[in-house]
Amino acid sequence: MSRIDGRTAEELRPVTIERGWSKHAEGSVLVSFGDTRVLCTASLTEGVPRWRKGSGEGWVTAEYAMLPRATNTRGDRESVRGRIGGRTHEISRLVGRSLRAVVDTKALGENTIVIDCDVLQADGGTRTAAITGAYVALADAVAWAQDRKLVKAKAQPLTGTVSAVSVGIVDGVPLLDLRYEEDVRAETDMNVVCTGDGRFVEVQGTAEGAPFAREELDGLLDLAVAGCAQLDGHQRTALGR
Amino acid sequence: MSRIDGRTAEELRPVTIERGWSKHAEGSVLVSFGDTRVLCTASLTEGVPRWRKGSGEGWVTAEYAMLPRATNTRGDRESVRGRIGGRTHEISRLVGRSLRAVVDTKALGENTIVIDCDVLQADGGTRTAAITGAYVALADAVAWAQDRKLVKAKAQPLTGTVSAVSVGIVDGVPLLDLRYEEDVRAETDMNVVCTGDGRFVEVQGTAEGAPFAREELDGLLDLAVAGCAQLDGHQRTALGR
Amino acid sequence: MSRIDGRTAEELRPVTIERGWSKHAEGSVLVSFGDTRVLCTASLTEGVPRWRKGSGEGWVTAEYAMLPRATNTRGDRESVRGRIGGRTHEISRLVGRSLRAVVDTKALGENTIVIDCDVLQADGGTRTAAITGAYVALADAVAWAQDRKLVKAKAQPLTGTVSAVSVGIVDGVPLLDLRYEEDVRAETDMNVVCTGDGRFVEVQGTAEGAPFAREELDGLLDLAVAGCAQLDGHQRTALGR
Amino acid sequence: MSRIDGRTAEELRPVTIERGWSKHAEGSVLVSFGDTRVLCTASLTEGVPRWRKGSGEGWVTAEYAMLPRATNTRGDRESVRGRIGGRTHEISRLVGRSLRAVVDTKALGENTIVIDCDVLQADGGTRTAAITGAYVALADAVAWAQDRKLVKAKAQPLTGTVSAVSVGIVDGVPLLDLRYEEDVRAETDMNVVCTGDGRFVEVQGTAEGAPFAREELDGLLDLAVAGCAQLDGHQRTALGR
Amino acid sequence: MSRIDGRTAEELRPVTIERGWSKHAEGSVLVSFGDTRVLCTASLTEGVPRWRKGSGEGWVTAEYAMLPRATNTRGDRESVRGRIGGRTHEISRLVGRSLRAVVDTKALGENTIVIDCDVLQADGGTRTAAITGAYVALADAVAWAQDRKLVKAKAQPLTGTVSAVSVGIVDGVPLLDLRYEEDVRAETDMNVVCTGDGRFVEVQGTAEGAPFAREELDGLLDLAVAGCAQLDGHQRTALGR
Amino acid sequence: MSRIDGRTAEELRPVTIERGWSKHAEGSVLVSFGDTRVLCTASLTEGVPRWRKGSGEGWVTAEYAMLPRATNTRGDRESVRGRIGGRTHEISRLVGRSLRAVVDTKALGENTIVIDCDVLQADGGTRTAAITGAYVALADAVAWAQDRKLVKAKAQPLTGTVSAVSVGIVDGVPLLDLRYEEDVRAETDMNVVCTGDGRFVEVQGTAEGAPFAREELDGLLDLAVAGCAQLDGHQRTALGR
């Protein structure tokens, strides 16, 4: 059985990672997973929030948002409604945690990096594209800081790499990297964040329809790990490693 | 190695499920997992939100919150700050999704059930206690509606049971049902929501320290499934099934 | 004429004051006036708000809130609406003022005590139960601070005791400690806060229907003073004085 | 002992009630109690809030606010802070309740009157001046509606008159109609709302310093009743009755 | 063709500028342009916002607002809605910028002046009346500060005078100082802020209907400059210069 | 004297207008004025806001926002702060008014078009680029609606074209289309919105430093009109007219 766009079940959509997209940010990436496009900018400032001062440790956090017409139907702006929605909150926290999993805050020193992930166009997998792009923007911001001696020459603020992919069961078949049309039909939906060496940072699986069995979970995890390994390759290529 | 409170690694804290705690709510439960105490009330009203009207289907949703001094240090009230925090949002959504996984909204008919989970005292595992207690409050509200013919006599709005437990790796050892002191020391933290027949509704695992390997994940899932089976027993006992 | 629950006009509902209800708070009380149940926690922290720093004086404040299903019909959460309602604001201020009336802030030293009064179940008189319970939680927090030498050994931060009761005229008859069903039918509704020696801290009387005459006011005050004297006894018993 | 401004203890400040201050409002009054100046406008619209539709009854409500520099020190605007403060909330509710005490909503028919009381200059007693002026604006709006046949010719939407005054104990002496300098020094502070026939609508007494005794309360009530009787005269004169 | 109120096209409405309207503010003016009445108060405090500290320079800002019933139909309070509307924001910024155009912040020294412009009654031109009155209140506050040596004796914090007027094209005819009825019918609407020596501080022209041609713009500017010159005279008279 | 980027005083930066940038929106444009890049999407939905229903007329509105790191220094997200800032409000209103100036809402019929202008990168002139790009997105959305018969075949919802440009006086020299570095140094700053036939829709001039004279204003207007004529050419080219 082939998918809407002709992919096999274990195939990613075309991935592009365009570095240096913004002239202002210390790191910036326009990442696309098929038609999903996310602008990730990393803003590095010296100093840390008050509760971290004097600790010698840095801080990395993230904010995720969608432009109103990133989606098929226009959504209200959260700034106009005056509140962040639950989904936005949840994804922002996920992106921040995922990045911190590969950051040595001591090595970063008292610097703060904020990663903004703004979805310009959405077609499923916005959070996983955001994490994958954000890592590259983060790497660029760290390199920028090392060039300017804001971070010690021999420090290694990044302890590994991180990427993320969605998997799900659609019509009983486990699929990698769901597009929006697949996502809405999925019985089970899972987002997996892995390090480059294949370990897990986050595993979030949700039964959208019927609860899922252990074998199904196992199959999805296999698919996701393989997908993240490919994304890790895309990141390395983009970073010229 | 024994735990702070003398439990074995695969042992739950003492669980109590007190039904009928509130005289006003259609279903109400004071659930405790050790020192964690959550008041769960189910409010059933006829009718559904506007976007569901005429569908013949009901709606179930949940709101989670903590009293300011449920925790060791007093937290600001979200009502006073004027915003729901990200964690509150995230858990409210999790509780709602978990319950809806065992609800047949067609069988419920055009009725709305709101489950409020208010943490009176917190000692780790507040979201898992909330889900476990909320299911019982939900079951009572459904029974109440059937008594009053708001739901058809032969309808089965509940398609199964649901409970939840936390697991985590502390000092390299996978532990079931973490207390707060264990939770803050956990390298990996996972919340698992299962149906009574042992399938998964939600799996949320997070590396708090180092990323975790597939075998660790597998071990945690085993522990959680066993824990949920025990919680399912507590729920059945409480419901007199 | 006897009342719905068989009480005489000048009789309180059964009062219980359960100390040490929460393991985290410096003082905590679950108070009940009949079916009205309020959890009062006193959180003591060293230091005072910025505007008080260096004054040598402490600060006592209170926050009152209701759980959404404390009442017969579920109310929206104020945290979700994003604003505190007028009634909540008003009662929080009343509780804080009432407690401060018996606090010597100099003797308290630069410590802050926040009293949270969360109504778990409401059946009329929630604010008066809150004040009555809050005093006991406050007394426990002060004792806790004296044990830890945060307050000087010979200091007397509490200059008296305080309790509160509602009174009202229902069908022309002045009644003590109204239940909800009585409260909604009352022509005149009054909340009175007294010290243990029978003086007034707050008197708030409102004509719900027709304006009331001086003799009616006098009768209500008599009833309230007698009620507070009884509550003072309950407080002393609870505190083992 | 004479007061700062030479008044006797039972003397009101000069009272002025200027009707027709605004060209847009159905009723409008600039009321002054000494240097306290409040602009009261009554806005009458046909129809009632949704929850009252079809009841045949009208609705009267009030909003109280202070201009930022009505006071000696500039206060932040509540619109800029994004929230109504507790004091504002409390007084708005008091003004609304006080007016409704003399309104027959059936006779008013399905019309809504909103009374805005904006303090242009504050020198103590802003809420009592607001109530006193608001009544006159309300009377003008009702007359306006009767002229236009929005209210039936023989209907009597106003069942009486209402005014309010503050009293307090300063240096042991009960004083009528406190100025700001007196108010801040008062040991006990009371606001009393009376109908023109001398009955009570609201009695709100607060011990600012030491709790107060029954005789003190009685003395203050006497003073307030006499003050309201004088204010009733001012209202009648202003209305040309 | 004469206007609704009999004015010629280039005639201002009657202007009054009443100084010292408020006893608390360092400068206060009740300004009226016909039936438009704005209370302008200038509040001077020593010190500057944090971002200006140590600069030796002062700060001047403004806030504009309307009372709910300043207009023909009552508007909701922005404090109750919990947000400042776009129009309010825009005008507050305009008033602040206009005043700062004639302030030498170095000469003012580290003092802050906040000008509040509250529209008590609106009949078109509220922002231009606000600017015109605010300048006079500002001048009074500066003089007050010089009297108290808060500003150096020889310093000249005001480098000029500033006033504002609206102009617009109604039925093809350019008119000065529009009333509300004219404003709503205007095809083009322009607000012009000038210094006393006839230069421009702000020019804001908007096509309400058809776009306007250069000659129309030129004609409106001529009219506005002449109007501001007259307002400058009113300001000088009020200030007794 | 040549400018930072070598342009002459009356030269625009390179302008690009990329249509069809988003796959979801009915019209979408990525517009750039030099390094300023704004994504404009036009969302057309059938129906109009409630206050317009049954009028037979459509509605066009706009929302402007900046990504947090569009600028040199990261700004807080307005959604996180919970309020729209004054500048955002002001520009959103300006964009909406500018577009409505060339829309015949009768010809549009009861359809609503919302134009979102999100600044991806800012280097001066974001509001003028937004208006210029928004017009093209609007034209595409209107064409889309005509293709689908949502708008009558012969209707002409667009009565003209509209574009905008900034002008300012820097070091005494009037310059067209200011970059950020020029904008912050400008003594006078003006934004001009013109129709394709050279008439004015909006003129907003502000003295940032000294007030400006009539000749300066005239010079700036000349410059702006010429600039808008060039932008009109870019729009026509982009639209293939």
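So that you can tell them apart, the chains are marked A, B, C, D, E and F in the order they are listed, and the count of residues begins at 1 in each.
We adopt the following convention: a contact is a pair of C-beta atoms (placed from the backbone, for glycine too) under 8 Å apart; a residue touches a chain by one contact, two chains touch by 3 or more.
Molecules present, by chain and UniProt name: A, B, C, D, E, F = Ribonuclease PH.
Given the structure is predicted, the values throughout are model-derived calculations rather than measurements.
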Could you tell me which chains make contact with chain D (Ribonuclease PH) and chain E (Ribonuclease PH) both? none
Work out which chains are contact partners of both chain A (Ribonuclease PH) and chain E (Ribonuclease PH). F
In terms of CA centroid distance, which chain is the most far removed from chain A (Ribonuclease PH)? D
As a multiple of 5 degrees, what angle does the CA superposition of chain D (Ribonuclease PH) onto its copy chain F (Ribonuclease PH) give? 120
Between chain D (Ribonuclease PH) and chain B (Ribonuclease PH), distance of the C-alpha-averaged centres to the nearest whole Å: 50
Take the average of all CA coordinates in chain C (Ribonuclease PH), do the same for chain D (Ribonuclease PH), and state the distance between these two points in whole angstrom. 28
Rounded to the nearest Å, the gap separating the Cα centres of chain B (Ribonuclease PH) and chain E (Ribonuclease PH) is 59
Would you mind listing the residues of chain C (Ribonuclease PH) that make contact with two or more other chains? 82-84
Help me check something: in the complex, which residues belonging to chain F (Ribonuclease PH) touch chain A (Ribonuclease PH)? 22-25, 28, 35, 39, 41, 43, 45, 63, 65, 67-72, 74, 77-80, 82-84, 88, 114, 116, 118, 120-123
What residues on chain B (Ribonuclease PH) touch chain A (Ribonuclease PH), complex-wise? 83-87, 89-90, 92-93, 97, 101, 160, 190, 194-195, 197, 199-207, 210-214, 217, 221, 225
